[in-house]
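Quick notes on the structure that follows.
In order of appearance the chains are A, B, C and D, and numbering begins at 1 in each one.
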Amino acid sequence: MDLDDIFTASVFASAIRLATPYIFAALGETFAQRSGVLNLGVDGIMLMGAFGGFYAVHLAQTAGVMAEPLALLLGVLVALVVGGLMGLAMAFVSVTLQAKQGISGIGVYLFGLGLSELLFQQWVGTPKSVAGFPRISFPILTDIPILGEIFFHHNLLVYVAFALVPLSAFVLNRTTFGLMIRAVGQNPEAADAMGVSVTRVRYATTIIGGMLAGLAGASLSIALINLFQQNLTAGQGFIAVALVYFGGWRPLAVAAGAMLFSFVNALQLQIKVIGADIPSEFAVMAPYVITIVALVFATKRQEQPTALTKPYERGE
Amino acid sequence: MNQAVGTSLAARLNRLVDFAPVLVALLLALLVSSVLLVALNADPLAAFGFMLEGAVGTENATAETLVKATPILFVGIGITIAFRGGMINIGGEGQMIAGALAGTTIALALGDARVPAEMAKAPGAFDLVIVASALGGGFLAGALYGGLAGFLKAYFGVNEILSTIMLNQIAVQMMNFLLNGLLLDPAVAGFNNIPKTARLVTAAQLPRLALPLGDPWVFARTRLHWGLVIAIALAVVIYIFLWRTSLGYRIRAVGENERAASYAGIHVKRQMMLAMFLAGGFAGLAGVVQVLGLQYRLQTDGSPAGFTAAAGFNGIVAALFGGLNPIGAIPASAFFGGLLVGAQKMQREIGVPASLITAVNGLIVVFVVSSEIFILQRSKRRVSLQETPLAPARASAKRADSPDPADEPTAEEAG
Amino acid sequence: QDVFRVAAVAPSATNDLAFSQSMYDALVAIQMQMGEDNFQFDFQDGTFIVDDAAVALREWAASGDYDLVIAHGSQFGSVVEELAGEFPEVSFAWGTDFNTFGMDNVSAYNAAADQGGFINGAMAGMMTRSGVIGVVGPIEVGDAKLYVDGFVAGVGAVSEATVNVVYIQSFSDVPLATEAAETHIANGADVLTGTAQMVVGPIAVAIENGARWFGTQASQAELAQGAGVAFQIYKWDVVLAEIIANIQAGDLGGQSYELTLENGGLVIEIAG
Amino acid sequence: MNNPKTHLLPTGHARIESLTMSGIVKRFPGVLAADKIDFNVRSGEIHALLGENGAGKSTLMKMLYGLYHPDEGEIRINDKPATIKSPIDAIQRGIGMIHQHFMLAPSLTVAENIALGMKSSRGFQLDLDVVSQRVIELSDTYNLKVDPRLPIWQLAVGEQQRVEILRALYKGAALLILDEPTAVLTPQEVAGLFRILKQLAADGHGLVFISHKLHEVLEISHRVTVLRDGRRVDTIPTRQATRPKLAEMMVGRPVLLEYAKNPPDPREERLTMRDVSALSNRGATGLDAVSLRLRSGEIVGIAGVSGNGQQELAQCITGLRDVTAGSVMINGRDVTNAPPAALHAIGLSYIPEERMIDGVIKEFSVAENYVLQDHGHPKYTAARVFMLFNKIREACRRAIHLFEIKTPSTETLVKSLSGGNIQKLVLARELSRDPGVLIAAQPTRGVDIGATEYIHKQLLEERDKGTAILLISEDLDEIRALSDRIAVMYEGRIVGEVVNENVDIEQLGLLMTGGE
């Protein structure tokens, strides 16, 4: 077997697509965790976002009341709102009510998993596809050999996801809001004493995390797969949480982790397609193994939020 | 004193009232769920009636609740150890699978070796050697798998949340691979069956559990098995281990404060690995007990939950609900088991989709865990009202001229 | 009192366009045939957890209210084996498998999925222009493997086309199945097929890339608009009717049944 | 308001003419931390707040700053009732606070910690370069040196204290509360701080100053309020106060302020360090070829400005930091890079500088903390496995009595003890282990005079019993009061060693700041 057959341009393009939902969700989770909130419910929120976005587009398109781009925009908005609401609920439960985050997150996950499927069954029935975000063809760029296929033939949400990476890094490291987030996640007492509202910051990040998780879901249901089915995300939200740890809470490294994981996944599919004789089980296992191995050898610069999972209450 | 009786009764009532928030939370969760039910044209009252009935309504229901709770409890005990050692173990699923793979292999091999073919299906041929070896092997395999995450954390700084989530997937693929090959039931090889091992001989099975409380014995015709007893006994053992032994102390010390622990001469890395080793071991036990006590063979539908019934995750919930105390994990897993089993009954009886059940379970988990703050606040308030302030030591200290104890403010004055 | 009562568990949702739906549709079809006064059924879906199914099956068996208890999913075999021993007066059916455990109250049913697979494959082989065909499978067992093997044989019988097969090790992972299909397309496939409930993803990929789609288990024609060519449909009602008739005649089981093209249990639906 | 201009301070804050707390009551579980306390502070005044550990000083001030809320009582600002719900309210009303337990986020830089919660000159974007510039100016003006780009975790405690002070100065406040700001400062820094405080007072700020050092209180304050066990003992003008009087008001009995010290009687060598080097947290040179000898029956004091290698020195001896070159011997055995457990076994005890992080486990009970090292010792275990909590509690109870540790019970979690009592617990534990060598790092930092007296007496007694004691302290008074020999550390090296009898303070100060 030839290496050229394995490392094709399409594998790289495939990795970029696969990484998209992880990047959205993991960036959102990075915000939440940086402020001290571990949201294990990401997968459930993704599902709700995926369904919300899908359903909005489905309705708009079947009713034909809207121009295509508007319908898609509506889908994105609905996903953001649904995700934001789920994030708000998570924030209320874990910040205001100080519930243990490990459990409340699992509760949110179950709720999202169940409700998205229920609504889908009641309102839609069987899987139906929508016309999702089309692949964009850029003049000239798309036609560049190899590079064009890898980078310049994706749908809009893919680009949004990757654009969010430096933006998130900027917000976290270079803005007053980001400073508050980092302080609140490290030493909420100190932030509080400096007049930063721990509650408000954590609400904000958890809601942002929810919105991005919702968008992650929508990137599947109205951009990459263009339909909804029960448990559409197949546990991607949990992998996204893991990737936050992989990246040591730094957006760039988190995205790098998402890319590595997705790349190995794309690679294993390619290797199977071209007929390599390795057991499927090991092929499917590969991204997980390599992600761990990579972290073993990576130099770990971490920005561990020490107050992670710890509800804040003044010492009264 | 009469008054003393009065106060202790009041105190006890007070403590009972503590659980009121949980009940209120449950009711609220059910109320919200009712909205969903009504939207589906179902009668919420009847629905929740079925839920309760399904959880504890009959002998069989109660048994099923306990059967469901058993692996959750095993995992919950392990998660408790891990958390106490400062390790967040999301790897219960994978460790269960590791334990089940090893335990089943041992049970099958020893079953072949120790039980003559003609006896293999004879009832009551319980063989302690086989069962104990399988349980031990399951524990060890789970422990090594969990310990791997501990090792990676201790020596390579690989975050355990990341590694355990990844190791779960790896374990599933390992299981799929082995069950479809090496461990495949020879009787069905070549038939394209679902990947599964051969069935355990009776001697290798955990016996069913019944209580001599009537005739026939209670639970005699249910699937309740000795796994529950083992789990409860181990919960007590681990309680003692954590709070009464020096090794347990070391694990907790590392979990609370690594720096102070290393100052105290505790080998921090070793405790991390040990905590994960034990946590994995208990998850491994959960896995092997599911096979030996319930399913009698290991099979896979390709996903982890098909085998583990998500006990690896639910154990986290049980451990946290149980206040990270192995004894507390017992009622917590029973509650959770009842919730899961009862919900299934509700689905069956009123014919709502399974997804509704999942959503309702999520609501209940969220509401109940949110109610804890109200319990906490009540108990805090009580402490501040009841206890006398400042150190008793002070009054009795050997300072000749220590202030008159009467000088100290007392609760009465304060309150 | 002559109502025939059936209870069934199935691992995924009743509208999965695949395995569970095929059984649900069959029960509905039987009810239509026999009439609601004569046939009623309880159906618990989403019991991908074997123990949950076991609880339901045990309860139904113990209640004595049902003439037939169906465990739809080959992972339920052990449970059926045990319950059938414990409740010899209750009739059980399960699949997909042939094994009745030598018991008189167990029926097993199976689908000769390779038959329709062969036909689908032969059509695909004739249809492909690029000479590359992609298959997305779940795990390499059961009727999934049967179907895929039949499909590959069918292609081989009519053409020299390459068939690339990927098993993604999951019945439900839609994103991965989708990307597997994309990978097929990137490697030149212009015809796709697949089995299990995650095929909705590959179907969408086929539509988007102008590839043709062959399906199995249930009709996916509506979803696969434009791309769909042919679907092998499981008509479990064919074997169910037989099983029911036998039970009504006092024969609780002991046989295994198979859906075939010949007995009408397998039907190839050609998309309109 | 007639002319608002006269009400403005140079920092732009509105003057707080008077702030009055009356009848303040605050309860914590099991503790009445404030019992009908009356307190007031005026513009232009430095009001000292004195009291033993746990007397309620910090609690009272946290209520002013909005971190705690009084259960009863009233706060009035400029004669108008004021509720202070949170630090945000406090900050808006012009109240600032330097916290006893530093309010700093460890992974953030100095500049980031200071910028936190403030408006940026660039809107939503951080202006750290601007902040850093201003911090450097301030630190030059007030001689409080820190590098604004370093993250807090790389700073020694003294440096962190400087950051706290700089931040308060940076933000400015009409009323500034300073909760033990001098505990970890050098004499020079204290002098510098006092100049600032006097200037602030002269400008019309109000200041509350908390310290356990009586001479500081006498030097800087106008009035003194003494608290004891949550009650106000009295408020008096400072000029009517003397050290013995204040001490007695605080403790409720006369306190020894000088110790009679027996002549030293050093015997065999217990600790020998030869050319020991180690890295600092920053990865730079922390210890640079340090050699040191410590004999049975003597106290050697290590003087120096915080951050000059004292912490590294202690950690190299106690096995908590890798020695990169050189050797450490205890009782003639080479223990270079030996694990802490092995060191405990041959009789090394250590009172760590950061007691809240290194010395205790806050979530553990007093009794559990009492056996932090000895939890597996045969005398506390059955078969070395099962811990005998009755025995542990009994031993702990004895220690509580002996060391006068204020705690409701042996089962109380350490996190709810006051700092001084935690320190006594650590001391009690370390001494109970009958050490041959004791490393005491800042043993009385933040500890009240009663307890300080007690700890000092214990250390001297221990020395007379033949223990070899290495006393690391930034408090020169303490070093002078206890040590037999004094070594001075500067930039990771020992730059001089003198015998205590004939020490020249000027010379010490010079050595500490790197002068020859």
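As a convention for this text, a residue touches a chain if its C-beta (ideal position, glycine included) is under 8 Å from a C-beta of that chain, and two chains touch if they have at least 3 such contacts.
Owing to the predicted nature of the structure, the values given are computational and were not obtained by experimental measurement.
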| query | Touching chain C and chain D alike: which chains? | reply | A, B
| message | Between A-D and A-C, which chain pair is linked by the larger number of C-beta contacts? | response | A-C
| remark: Rounded to the nearest Å, the gap between Cα centres of chain B and chain D is 44
| Whole-Å gap between the CA centroids of chain A and chain C | 33
| Intercentroid distance (Cα basis), chain B paired with chain A, Å | 30
| task | Provide the list of chain A residues touching at least two other chains, using ranges where the numbers run on. | result | 117, 121, 230, 281, 284
| note | Expected list for chain B, residues touching two or more other chains, is 173, 176, 180, 353, 355, 357-358
| remark: By the touch definition above, chain D meets two or more other chains at residues 28
| message | According to the definition already given, which pairs of chains are in contact? | response | A-B, A-C, A-D, B-C, B-D
| task | Within their complex, state which residues of chain D touch chain B. | result | 25, 27-32, 35, 228-231, 252-253, 318-320, 339-344, 350, 352, 357-364, 368, 372-373, 375-376, 381, 384-387, 389, 400-401, 404-409
| remark: So, in the complex, the side of chain D touching chain A is made of residues 28, 65, 67-69, 86-88, 90-91, 97, 99, 102-108, 112-113, 115-117, 119-120, 124-126
| chain A partner contacts - residues on chain B that touch it in the complex | 36, 39-40, 88, 90, 152, 156-159, 161-163, 165-167, 169-170, 173-174, 176-177, 180, 313, 316-317, 320-321, 353, 355-366, 369-370, 372-373
| Mind pulling up the chain A residues that touch chain B in the complex? | 44, 89, 93, 97-100, 102-104, 106-118, 121-122, 230, 238-239, 241-243, 245-246, 279, 281-282, 284-285, 288-289, 291-292, 295-296, 300
| request: Flag every residue of chain B that touches chain C in the complex, lowest number first. | output: 60, 64, 67-68, 172-173, 176, 180, 188, 191-196, 199, 223, 290, 294-297, 299, 301-303, 305-307, 309-310, 340-341, 344-345, 347-348, 351, 353-355, 357-358
